Each structure stands twice: as structure tokens, then as C-alpha cells.
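Order of writing sets the chain letters: A, B, C and D. Residues in each chain are counted from 1.
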Amino acid sequence: MSSSFGTLFRVTTFGESHGHGVGAAVDGCPPGISLNETDIQPQLDRRRPAQSKLTTSREEADRVAILSGVDNGMTLGTPIALMVKNTDQRPGDYRQMRSIPRPSHADYTYQMKYGIQALSGGGRASARETIGRVAAGAIAEKFLSEQYGIDIIAWVNTVSTIEAPPVDMLNIGRNDVDQSAVRCPDASTAEKMIAAIENAKDAGDSLGGIITCVCRNVPAGLGEPVFDKAEAMLARAMLSIPATKGFEIGSGFAGARMRGSEHNDAFVKKGARLGTTTNNSGGVQGGISNGEPIIFRVAFKPPATISLPQKTVDFKGEDTVLEAKGRHDPCVVPRAVPIVESMAALVLVDLTLRQKIRANETIQ
Amino acid sequence: MSSSFGTLFRVTTFGESHGHGVGAAVDGCPPGISLNETDIQPQLDRRRPAQSKLTTSREEADRVAILSGVDNGMTLGTPIALMVKNTDQRPGDYRQMRSIPRPSHADYTYQMKYGIQALSGGGRASARETIGRVAAGAIAEKFLSEQYGIDIIAWVNTVSTIEAPPVDMLNIGRNDVDQSAVRCPDASTAEKMIAAIENAKDAGDSLGGIITCVCRNVPAGLGEPVFDKAEAMLARAMLSIPATKGFEIGSGFAGARMRGSEHNDAFVKKGARLGTTTNNSGGVQGGISNGEPIIFRVAFKPPATISLPQKTVDFKGEDTVLEAKGRHDPCVVPRAVPIVESMAALVLVDLTLRQKIRANETIQ
Amino acid sequence: MSSSFGTLFRVTTFGESHGHGVGAAVDGCPPGISLNETDIQPQLDRRRPAQSKLTTSREEADRVAILSGVDNGMTLGTPIALMVKNTDQRPGDYRQMRSIPRPSHADYTYQMKYGIQALSGGGRASARETIGRVAAGAIAEKFLSEQYGIDIIAWVNTVSTIEAPPVDMLNIGRNDVDQSAVRCPDASTAEKMIAAIENAKDAGDSLGGIITCVCRNVPAGLGEPVFDKAEAMLARAMLSIPATKGFEIGSGFAGARMRGSEHNDAFVKKGARLGTTTNNSGGVQGGISNGEPIIFRVAFKPPATISLPQKTVDFKGEDTVLEAKGRHDPCVVPRAVPIVESMAALVLVDLTLRQKIRANETIQ
Amino acid sequence: MSSSFGTLFRVTTFGESHGHGVGAAVDGCPPGISLNETDIQPQLDRRRPAQSKLTTSREEADRVAILSGVDNGMTLGTPIALMVKNTDQRPGDYRQMRSIPRPSHADYTYQMKYGIQALSGGGRASARETIGRVAAGAIAEKFLSEQYGIDIIAWVNTVSTIEAPPVDMLNIGRNDVDQSAVRCPDASTAEKMIAAIENAKDAGDSLGGIITCVCRNVPAGLGEPVFDKAEAMLARAMLSIPATKGFEIGSGFAGARMRGSEHNDAFVKKGARLGTTTNNSGGVQGGISNGEPIIFRVAFKPPATISLPQKTVDFKGEDTVLEAKGRHDPCVVPRAVPIVESMAALVLVDLTLRQKIRANETIQ
């Protein structure tokens, strides 16, 4: 059951990197939402491999098909099954790795967990699993946008040691983000990032990076006390994305160095509602959204699969040198942008539906 | 249902800061574990208020009573109910705050969520809720220690801008941590931290900090693929603790600045198992423990309730100045150490039981 | 986690027959409902032992205390903890049964499951566990009644082979039911039932019975397709009550003998809504309520604990004769009436909240 | 989330009667079980339409494809996605029913629940949804059989008023059941049942029936106390099957008429374990299996869709006469036999995995 996410808008992903395909079943999507494949495809296109020279060369069109749950272009309220076929598998590439666990990859831990060789190419640990999340997230985003005007924008803030200057959180859009292949909205920083990634790729090495995400127009009241706080759900969602190592919201780790008198976000009147003058809280207080933008950052490590030779041991403990083959991203953050957005959407749609229980209106 | 945590070892906490008491129901604890109140009290004592001049002066003995689930000092496998009575409530202290939401506290968001004034003193957003977690976590720790030899040690790494030097992760114990009231194992750093907290308290202000935690002797194979990765569960657990703003595992945010060739943890033979030379992974790969220590850090913001006057607005949007009364911690990290340990224990016990499903042994 | 029930209105019960007490934590109750102990006590009084000569002589006042989740007589939306103390335990009565598993009781199966002697008196298999359900159910009933005008009435339809004539399902009330100690609304049948139970008690034997329950004013649309159909949830709820052996809804087992042309409930106009001329469906079609009364029946076996000598074997397999001591009900159905009502309320409140997600109103 | 079943072996079904296809995602199946499509197809063949003149004439081969979770004929421990394509949809048949809700069908209640016209042909309320259950159940059966020797046999006990004589519960097999198209193991009763169904079909009418099911070699200890008792889980599972109206275990409703002294199942020594002389308990005591066969019965109503004209009203409340078209079963029980078996298997596999948590063996 670890492949399911969400309490009321519940997504179950399935499929392996080198099996027939990958997909998701979405249970709990409200009825009466207009939906077809063209609502979902754009985010899959932003996630798909081979979209630029910065990404793996594996050629997958990643065309989504809606198998159920939609009739005449409207959701029925019943489970929506989504499927993307795999077309360019090359399991042969992984032969050497069957006997040598890749350092910092999941080969060893899957073996220890299941006692069976996971499918070549990473199995469920493959980034390909995230297709189901992105497809489901696109549905969530459509609901959030149409019902509440919520929008969710993520971008690459850092690649290796190259960091972008602050962006205008209130106005940045996906067009700004997609102006460069690396998905950093600052043009000159983007150029440097692209060069760094290309250099690392040529060197057979890989780079990490940081993604920032803002969720705007989130109504106050989302998030559940105690264990299902909004930031707790977001942290779980983000740390469930492959290759992530950290999450921070609002002031984050820097906030730990501040004094209460400078960190506290004073309330002010903003039209009909209360707002805050600063946003160190990152849009959540006590685990519940306060109406200000939700802002968080996610750290991604450099991909584990590199072609540089690595001294390590095989499954039997014998010394060896691994030179990994296969087609891999030298840096995952450009393609991870829609994944971060999708997981944020899955968190927010679930919290939104959970809060509806408290709406005043009774049934009928 | 947001007050429950865990899939197989399931904890439900209840109670408010100024109600009759707080507690937890633990459902799913295996039978046959020796247990009585003295197994639980020590961690509650480390969490309780008024334990030093660094903490709130609210006087609570926080004596735990086991109400059910244990017979003749042994767990029965049935739900264990745990209760701690409140004795030193002073709801009157909170009168002003009923009309003025404290900046960066949960007063405003609870009102927006529930449409009802939360109980004075923070209600479920109060740190007092964590008593149930610590009591349940102590049971989880006992099971993990007896069955697997797992131990979990957290300590204060940073208070404000004061940072401790690296500690010996393999050997640090709770005795080392508890040598100072601030729970930083480095004596000279601890002194500086204590002075800083006292100064902040005197100034009516508050400080943030960072806690580091290590979980040792964790068997390989814990953590579930995709959404219930070990790091995802830990991130959720930690961000569900009041006042947290960030989580990172292993290399964390710093890892995002590294190259794959330096970040990858090469495998080596360690006795009968494989281990790694470095531990940038923080003990998890692909969401599953690899047998190395699990290491993570949690950022806490400075407490929102300060006695310095704050310019803000009341619930109606009228300008006002808030001077908070009530008894509050100037810095939460010393008391948060056992909370971090407890939440880590709740994550690990659940993942341990989930992995038992895959053990070879059949029933009987 | 098997002591929790419900998805959105989630009840966790705890406690043993001969421990400190029993209770429940209710997570997910909406805020703003007026609530105090007097709303809960009446159903506990109908459930409590020693209420008449038909029931066990164990003397328990079963006074409920609300420990949390309610402030100034209003629910806060946070977990409501409920507690009833045990006062008249006599664990000594059960000494013999520690070595001899009572036929058709849970002694043997608990031993096989947990590998530990369950607490004397049945532990979690004791009917005393149902106190938590009844207390939680009373809260659910209050919500259902105030928000939707739903009422739930159960009564004893059959004791042993004595069956009551049909009752007026649309008008029967709890006053009618409680006119006799056996809770059968037909006075002359009630007399016969009482005599039969007294005879069985004098003979050291026990009797079974059947309870009928009607839920009125249930809005159409409750129940979730596929696995969480209203009748599936009710069936699970009822078969989770100790001593139950069967559940049927609407036409039930008799419906299996009918033809479609006689079984189908034709639609007619009933005011603003559609209704049906007959109600073989029992108020649900395709798992979802249709606005007609929900009607179901629950079969209870004769209690396993009897004082007549029984030839059986002890835990070691040695032949023996068991003459059970302890204080036991000769027939559980009179006291099971409020338990059936409470479990029905817990099912309906959960389905009601789940359906609210589909209400048109958006948040705020 | 109402399309998911199970705690540890979790099945999510998807698809509609007249969409692209139907299927299931199985999350939590243990790794290392040999599995391919031929393990699943036989039960689907027993469930499929047009298998005899007793069933609907809709022509569907119902060939299953495993899309993920299996590599080289072995389960990986990751989600198994299963898909069956629809080929013989005729949505046009349902045109009239879009304006007239079929009596005792789900047309009206789905409309009331979702506020949108469900897909023609019943949508998720269609019996076609059960394909996903049967496919998943076949995997569960394989695990239960290989690991524990558990087998599960269901058969038709009653059609309309025609009832089969008692069968040999300990020895009956699927071959015995499948000797007749009606799946009643008694040849002469089967003939009468077949004649009755053919007559009803010719008359445009439909018949109900009762299925009995026995689960053998179930180890003692399965089932969780309180809400997840084995009989509670079975009752929910069975009442989630379309057209069911009742469930009873062991003595069932007849048990309510017995005295304790005759109903109690005395213990005897059976080899190394304790067994019982009678089995009124139906294999469960206190919600937990006792090692005796689990025996239960399920009542099915006559199908709602009949071609006889029915006086009813349309969605607007106007009087009308419905003459249903479409291809429908005159009696569902012959095809429901594998569905009952599959749902029993899904319950038992989940309880088995949950009990493994209590096995003595530690991880590794």
C-alpha cells in the first residue's frame, strides 16, 4: 500500500521502468470536472526524457491515455485510470549492475528488502514511476485551479553552486520558467547552469540542485492539526520524490538562526481577510494555511548513476570497479520541476477535500 | 483522523493544553513486551516543562498512567491507553489573545479552519499535545531496542547562530546529551547556548535552533518504495512537530551542491554485510535503509509567543499592539530533543512491522 | 489498528474488561456541535449491566467523562477522548478459565493469535469494549439528528424461537422499545421473551436473538461505490459486535427466494423526491442510500459462557468438564440494542462526511 | 478511495462497463511468488459472460494482461497492474434508461450522489467491475494455497426456492462445483435450478439465490480484535458484491434460535492442535480463526434489470413503463461463485499478512 498517496483524493501508481508501462489510478476525484488527455499531457511533456540535451537520451513520447472514470469529457467521480506505455526499454544496459549494486542507488536496498533482484533499470525506484504522479497531479491542478484559482509554480533555484537571484514570487509563471531548458527563470543564471550541466555530462559526472515552489491563492484553513499539518504532508510528498535530500518551508533552516521578534509575521488587513507583512511562515501557521503564498524548497542530490569509474564492491563483497551504462540525467532538477508541482497539487487537493467536510452546507 | 500516526503501530493522541489532560491510544503494539510506567516516564521527564531555567515555568509533573493494554507488566497486543493529567492550567493568561491572533502562531488559522475559538493556550497546536507522542514513542523505542538493538539519539546542534562542532555519531549517548540543560553534548558550546537563551528570555524574545538525530543498528530493508520511503515518513513526522521549518537527511541541502562522483557512497564489505565508506545517503537509498546509521536534522523556528510588544491587528483587522502573557519557552530545542527521538521511533517501529510481512517465516 | 473504525469520523476504542477502564478517542468530529456528558450517558445506561434481572449482575455505573475535544460545551473539531472507569472487576472468577478455553468463546483464539494469556474476563473480546462504541455513537447520533434529522431505532425482534409481530417502522421510537426490559416493543411478545430468558438463566443456559434496526430520514446519496457500499459498511459494523452471526438488509435471505418482478421497488413521486412503493432494497441501491428507511437485521448467538457443565478439553488437550463462573448475560440482545444503534450511527456519520466532499459549496 | 480494499494486500479496481476496460492495481503482494496470466485466467473464465445459456449474451473473452509488478514470472513485491479490455460494449442499449431510473438498480442513487449521469451500463455499479476483484483474488488464492495450503470453495446452494442437500464440506472441490453450468454440486438439484433459470429468462424475469463458501486449512489466529474481526471483514467483502442482501457465518440466523448448551462447540484434541466437535462458530471465535473450516453464506437478490414491463416513474417523477433492454443475467449466482471465492481470498490474504507481524522471527 506504499504506492498510494492521499486520504480523499487517492492516487495509486504502478509500473516499472522496463515493463509494459506506467500509470496511476486516481480514486476520489470529484465528479463533473471537464477532463481529457490534453489537460494532462503538457506536464508529462515537461517531465519526459529527451526533451533537451540536458536530459537522458531515452526516447519516450509518454502519451497518456485515460482508461476509465471520464465520460463525454467529464469526470464521473469514479476511479480514473491513467496509462503511459514504455517504448524504448533497453534492459540489456543494466546487465553489469545486476551483480554490482550502484553506489547510492536503490539496487542494494531493494535486494535487502525483497530478497529478489529488482527489475533492471531501477524498477519502482526509477524516476519513470513519477509519470503516474505527474498525470494524477495534472488532474489535481485542474480541480484546484478551476474551483479555487490556486496555481502552483516551481522552478530551479540552484544547480550545483550556481544560485539564481530572488524571483517575483507573486507573478512568476510557467512561461517564465520554461524560457530555458534548465527551468531557471533568470536568463543569465540559466546559461551558467546549462553550461555546468553539459560539462558534468561530458565528464561522466552529475550535479545536484534545489527547486523552489510557490502555491498561490490557497485559501486559509487547509491542513489538519497534529500529524497531517500542511507542511508535514508537503515534506512527505517531496521526500518521496527520488533523489531528494531536504525540504524547508518559509524561513526554513535559516529561520532557526533568527529571533522571534524578527521572525514573527505581523498581521495586517488585506482587503476582507487578514494577511501578514512578511512570510517567514511560508503560508502555514500551526500546520494550517493562512492565505499567504505557500513557499517551500526541495534539495536534490546529484544522480547516483554516473559513467565515471567507481571503486566499490559487488553483491558478494568483492572489490570491483563499476562503469555504469544506461541513459541517465546528469542533473534531475530541470525535469523534477513538474514533479514537485504535481506532488504539491496532490497534497493541496487532498487537504482541500478534507476541509470541505467542515463547510457549512449540508448535503442536498 | 489527523491525530493518528502509523500504519501498523498506530498512535492516536488526544487532549488540549488547558483541558483535563493529554494522552494517546497505541494500537498495534506487539504482545509480550515487558512494559510499565517506568519505561515511559524518563522521556516524559526530558520533555516536561520547568525542568530548567531555560524552559517555561509551567509546573507539570507529567506523570503517565497506563490505562489498558498491559497485564502483569506485559503488553497484550491490544490498544495501550496512556494518560497524563493537566494540573497547572491558567487559561486566564490567554484572555487578550482571544481577540488578537498571535503573529506566527496558530490562533488565526485555527479560527479560519474551524470557525470556533480554539481552547485557550493553543488547544491541539500546543506543545503539550506532544506528550502523547513521547509516551507512545517510549514504547516504540523499547520494542526497537529489545528486538533489534536499535538506538536513537538526538541532540541540539545549533541555537540561533551558535553551532556545535561535529560529534562522534557512532558513540554519542543520552548521557552525553543531558550533561547540559540545553542538550548540546559539547560543553563549551552548551554554555554559550545557555547564555544566549537566557539573554533572549530576559529580553522577552525567543531563539530558534537545529536538532540532529542519529538512529543506529537499523537493519537494512526498512522503508517502503514510492510514497512511504523512510525519509518521506521521517520528514512528515518531523514537520508535524510544532515550530519546525525544515528537514534534511544525510548530505541534505549541502548535498545539492556536490557532484555525483563525490556524493556517491561507495560500498565496502563490513563483516557479513555490505556497508558504505561515506554516508551522504544518511542511511537510506531509494527510500530504504541500507544498514548504515540514519542521520537527519530538523530546523525549529524561534517560538512565536514573545513578551516583547508586537504591532499587529486583531481578528477584526484593527491595529493593535500585542504583549503576550502566559508562560512560554524562549527556545524549544532543549525540550524538543525527546520529541524528535520519539517521532523517529514511531516511524521506525512502523516500518519494522511493515517489513516483517516479508519475513520468510510463515505463521505458527 | 484494528481498534479503529471510520474514515473521516474515526473512533479508536481502548480498555479491557478487568483493567482500569474503557473508552474511546473520536477523531474527526466536526466543530461547533453542542456536547456534554448528558448527551452520551442515556445510551450507556441502556447498555450497562445490572439494569434488570435479565442481565449480568456485574454492578457498573458506567459514568462517562469527556476528557478533551470539548470546550464550553462545544466540540472543537479536535479529538474527543471519552473514559468510563471499571469499578466491579472480579478477575478471580476467571481463574479456572485460564487453563480451560471456554467453548465458543475467544479464549482459545486469542491465545493462538497473541501467544499470551489474554486478560481475565475476555480482554478486548469482552462486551465491555463496546462502551467506547456506544459513547462515540451517541456523539455521532447527535450530529446526525441535528444536521439531518436522521434517527436510528433498534429493537429486539426475536429471542430464541419467540418472534415479534411486524412493527410500524415509520413511527416506532425508543420509548416504545424501552417499555419492556427485553426491548421488544410488542408487550405480549416481550412477556414471553422475558420468561424464556429467566428460564434459561435459571437453567444455567443462554439464548440467542435477532435485532431489527431502522434508520429514518437518511438523505439519498450516502454510501460509496464498490467496497464502501452502505450495506457493506453496515455489515462490517454489525459483525464486529461480539456474538453476531448474521446480517441482512431489506429483503435479506428471503429476497433470494423472490423473482425480480416482485422484488423490484418501483419508483413513485414522494413530494420533491423520488421514493419507492416497496422497500425490499432496505433503503440502499447499488450501495448508496435512496432516501427510503434503511432497514437491517442482526443475528446474535446464545452467549458462550454458561454455568451448565460442558465436556471439553483444556489448553493441553486433556479431557475436562468446565463449569463457568463469572457474571454473564443469559441473552445479549436487550443490551445489544444501543450497540447496534451506535454502530449504525458510526457508519452513517462517516458516510455523511464523505458525501459532504461532493457538496457544491466551496470552502469559505 | 472507496475502490480500494485491504490493509496490507491492497487492491484498487478501476474501469467501467462501457469504457476502455477494467482492471486492478494490487499493492502489497509479497515478492518471490511465481505468477503469470495463466494463474489468473481460470477464475476470470468462470466469471465471464456468455459462458452458458444461463448468463448474459454479452461476448467478452476477458483476457487478462499483467502490466507491471512481475518480472521473469516472479512477483517483485511492487504493485501488480492488471487489465482486461472491453470489446462488446453497446451503450446504445441503455438510452431509455438515461431518463428512467431502473427500479432497484443504482441509476437513481448514482445520480443523487454524483449529480451526473453515470456511464451507460451501470458504470462502477456494473458487475463488470468485479473483474478486477477476481483477477486480484486469483493472486491472493495462489499465495494462500502455496504458503498455507488454504483452499476456498464456493457453490450455489439455492436458486429461488430450490435448495441443494448438504454437501461434504471437507472434500468438495471446484470440479464438483463446475459439473453443471449453474455451479450446484448436486446433479439433480442443478437440473431443476437450470430449468428454473431458463424459465425465468424466457419470462423476462429474474431469480435470486444463495451461495455457500468454505475456506479450509486456515491457520488459527487470523482476524483482528474489535473492528477487523474475520467475520466483519468477510461480511463487508461479501456485501460489497453487487446484488447481495445478506451474510451469515456458521450457525448464522438459525443460531439465534439455539440455546448456548447446544450451540457451543466443545473443544477436542485434533492431532497437535485443539479442534471442535461441531462448527456452529463457522471457524471463527471472537473474530479470530480457530483452525476449523470457515463457512459462510451469501444471499443474492434477483437481478434488477428485467425485460418485463415495469410501472415506475422517470427522473422527473412522471409515470412511465420501463421495458429494459441490454443483455443481462437472469440469475447472478452461477457467475458470482468465483467472485465470492475471490473476495474471501482477499480477506484472508490480508489477515494472513497482518498476523505475520506477530510471528516470532525478526527481520533478516
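Basically, a contact is a pair of C-beta atoms (placed from the backbone, for glycine too) under 8 Å apart; a residue touches a chain by one contact, two chains touch by 3 or more.
Predicted model only: the values in this text are computed from it and were never measured.
S.K.: Could you compare the number of C-beta pairs in contact for C-D with that for B-C and name the larger?
M.R.: Between B-C and C-D, contacts are more numerous in C-D.
S.K.: Given that chain B and chain D are copies and touch, would you call their interface same or different according to whether over half of its residue numbers are shared?
M.R.: Since more than half of the residue numbers are used by both chains, the interface counts as same.
S.K.: For chain C and chain D, let me know how many angstrom lie between their CA-based centres, rounded off.
M.R.: About 26 Å, centre to centre.
S.K.: What whole-Å value do you get for the distance between chain B and chain D if each is reduced to the mean of its CA atoms?
M.R.: About 45 Å, centre to centre.
S.K.: If you average the CA atoms of chain B and of chain C, how far apart do the two points sit, in angstrom?
M.R.: From the centre of chain B to the centre of chain C is 38 Å.
S.K.: Scan chain D for residues touching two or more other chains and write them down.
M.R.: Correct list: 1-4, 7-8, 13, 28, 31, 77-78, 113-115, 124, 220-221, 225, 354-355, 358.
S.K.: What does chain D use to touch chain B in their complex?
M.R.: Going through chain D, the ones touching chain B are 7-8, 28, 30-31, 77-78, 147-148, 219-222, 225, 352-364.
S.K.: Going by the contact rule set out above, which residues of chain B touch chain A in the complex?
M.R.: The touching residues are 1-5, 7, 13, 101, 103-106, 108-110, 112-115, 122, 124-125, 129, 158, 160-161, 200, 205-210, 220-221, 223-229, 231-240, 242, 244-253, 255-261, 263-269, 274, 276, 280-282, 284-291, 299-306, 308, 310-313, 315, 317, 354-355, 358.
S.K.: Using the touch definition from the top, list the residues of chain D that touch chain A in their complex.
M.R.: Checking each residue of chain D against chain A gives 1-4, 6-8, 10, 12-16, 19-23, 25, 27-28, 31-32, 65, 67-69, 71, 74, 76-81, 83, 113-116, 118-119, 123-124.
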